[in-house]
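Letters A, B and C mark the chains as written, and numbering starts fresh at 1 in each.
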Amino acid sequence: MTAPLLEVREVSKRYAGGGRGVVALDAVSFALAPGETLGLVGPSGSGKSTLARVVTRLLDPDGGGIRFAGADWLALRGRELRRRRRLMQMVFQDPLGAFNPRASVFSAIADPLRIHALAPRARWRAEAAALLARVHLPPSLLERGIHEISGGQRQRVALARALACQPSLIVLDEAVSALDMSIRGQILDLLVELQAEEGLSYLFVSHDLAVVKAVAHRIAVMEAGRIVEEGPAAAVIATPQSAMARALVAAVPRLEHRTVPMRKP
Amino acid sequence: MNAARRFLRSPEGVAGAAVLALLALLALAAPLLFPGDPLAIAGPPLVAPFADPALPLGTDRLGRDVLAGLVHGARASLFVGIAAALVAVAIGSVVGTLAGFAGGLVDEALMRVVDAFQIVPGFLLALAFVSVVQASLPVVVLAIALGAWTGPARLARAEVLSIRERDYVASARILGMHPLEIALREILPNALPPVLALSAVIVAGAVLTEAALSFLGMGDPNIVTWGSMIAEGRAVLRSAPHLSIVPGLALVATVIGVYLFGEGLAELLSRRERRA
Amino acid sequence: MTPLLRLDRYGVTYPGQAEPAVAGISLALRPGEKLAVIGESGSGKSTLALAIAGLLPPRSRTGGRLDWPALGAPARPGADFGIVFQDPGASLNPVLRIGEQVAEAAQRHLGLGWAGAGRHAADLLARLRIPEPEAAMRAYPHQFSGGQRQRIAIAAAIAARPRLLIADEATSALDMIVQAEIVALLDRLVADEGMALLFVTHDIALAARLADRIAVMHRARLVELAPTADLLASPSADYTRHLLGTHIDLGAPPRLAARPA
């Protein structure tokens, strides 16, 4: 069995102040293998977004360790950290907010190419067009401003930007929650396609169990800062062991009387 | 450009821009329209306005041409107003951005400096500075900026604090962007628009402060300004009120023009945010 | 039965826009009926809700008719209808106590004095399962979670016992579990009070859970309007079939590629 790509051990995070002293993460541990998708589910306040931010080092934990791509992730600093960040990218919930309001599609995708010297300047346009093609967008979009394209297109551009880094892991923090239902399916299909092509790992954070079930190999259920259940996706959903998992399963609205067959969109 | 077209759709902005354009034109054309020193004697003293076609607005107590003074005075007012606002916004933006970005002790220290400057009323600060240093236009500009930079500083800091938390800044960090580049490319350009909108108000205030300094005789004594004209007219206020009123009206027109322009600018900037 | 709300070829165009946001809408809402309006972003469903609530921006152009036959007079906000919006953080005034905000409509429209309105508000908060309603009355919005704030907003909307509650994507910003709770709550509340419910959402399964009839909107038009069971069993419009086909729930097959060794 291959070594895990990401190993999170006993990570804790506490927020002080405001008189609340909240424990956001309480000794959380999990592992992610290369090419695997781990779905992280839970209600709001369960700590899943905090965990995503700690894993991507947007926040520093109070305790615990993280190993990523064979190195002590938390020990990295400065230039070395910035260099290795290339391997772990993130797609955010709000497609519009994730881009500099002044950015164009081209400048957004070219940023990682420039920052990590992944291509000479002369080749940026061609590389950007190729990346757009991989997320099924036409190269004509390169000249458009970020606010000029649709939400679904923006999320694809966000994926293209992440792919430009040639990452091993992409953290998706409620990445489809703000999209229309029919677009969600397309983005999920794209994620699976890219994973098959590149062997990417995904940490897929969501409060919607149905969306997670569609793409995850394994699911970890969080509640109040702890992982309360973990296992293969189909098993967790079919036979949930914890109360939270049961509540999450029950909360997904079901389409009864479905006579229109599910078609591959 | 898109922005210009949007600005033109705001009637206040257009009106303000028109007033300011006219003033700027007059200010620039002053040496052409009224060659020679406006402080030179042009005719007999206290000629009434519209009495002599060569002196459309009459003369003051010493026989100086009022219209020439008015047009030349526009140069001083506009120069001081705009220059003081630029200096204030520049200093304020840098200090505010530094404070917002650095956080911690640096933020605290800088904010206490801002507090110190903000406690003293701007006009008194300008007055004190000008009394200590010999008055000249650049000194007046600096004096006014000393009182006006705190507003942009606080605004810039507030903007930076809010932008720091946005997803696109987090995104830039995750991409591995250098912090300096994040500050200059991601944060600063997006923090500036509200500060720029504030600058219109600062220009208006600066014009008035300059006039007040000149009125008190603390301005540059070698040039004519509207403030000094109002001061000159004070002695004959009952017999020749127009000597003070006319430059006063010019001040009013300038300040209104600046405010309207600022409104148009704010409209323009807020509309862009709503779209995005 | 006289409809509570009737639209006849109703349309709305926002100021400065060439294309209508909503066009040719004809529907009638019966008293006590639960109608869901579903559609994707840009379909006009929120515009429709705002139009019914009289919240369109000034200088909007409207066409057709929108009236309230059962009321016999134009609808009064608060008294005849209440509205709950998507963002629970933005619906409540952060500087006023909860009790004041919930009691306001009752005091204004039911003619209750402060004490009476206060008791009514506390009672509502209890029915909406806000813990310790008496203490909650004196608390501020920031002290509550998103789901609780939405319940408080609902309490404020129905305080004056209106005939219609409009919920404009009221659960879209909440997580699944809270969403399910709120929907169940709305279902019960509306039945208890005999209110009609206009529920705007992008989630067709959620709509199906709650509604008697479903109206499907696409690009400003009403493409289908049918009782829920009929719509799900045999949708007549292609777009409805598209929405049903692309809905992701636990019954949908996983899209996974085979797991690499």
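Following the convention adopted for this analysis, a contact is a pair of C-beta atoms (placed from the backbone, for glycine too) under 8 Å apart; a residue touches a chain by one contact, two chains touch by 3 or more.
Computed from a predicted model, the values in this text were never measured in an experiment.
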{"item": "Chain at maximum distance from chain A, centres defined as averaged CA atoms", "value": "B"}
{"item": "Pair of chains whose C-beta contact count is the highest in the structure", "value": "A-C"}
{"item": "Centroid spacing, where centroids are CA-atom means, of chain A and chain B in whole angstrom", "value": "49"}
{"item": "Length of the line joining the C-alpha centres of chain A and chain C, rounded to whole Å", "value": "31"}
{"item": "Interfacial residue positions of chain C with respect to chain A in the complex", "value": "40-41, 145-147, 174-180, 183, 202-206, 208-209, 229, 232-235, 241-257, 259-260"}
{"item": "Contact set on chain A toward chain B in their complex", "value": "56, 58, 82-83, 85-86, 88-90, 92-94, 96-102, 111-112, 115-116, 147, 161, 165"}
{"item": "Chain A-touching residues of chain B, taken from the complex the two chains share", "value": "166-168, 170-178, 185-186, 189-190, 275-276"}
{"item": "Chain A to chain C touching residues, read off their complex", "value": "34-37, 43-45, 151, 180-182, 184-185, 188-189, 192-193, 195-196, 199, 207-211, 213-217, 233-234, 237, 247-263, 265"}
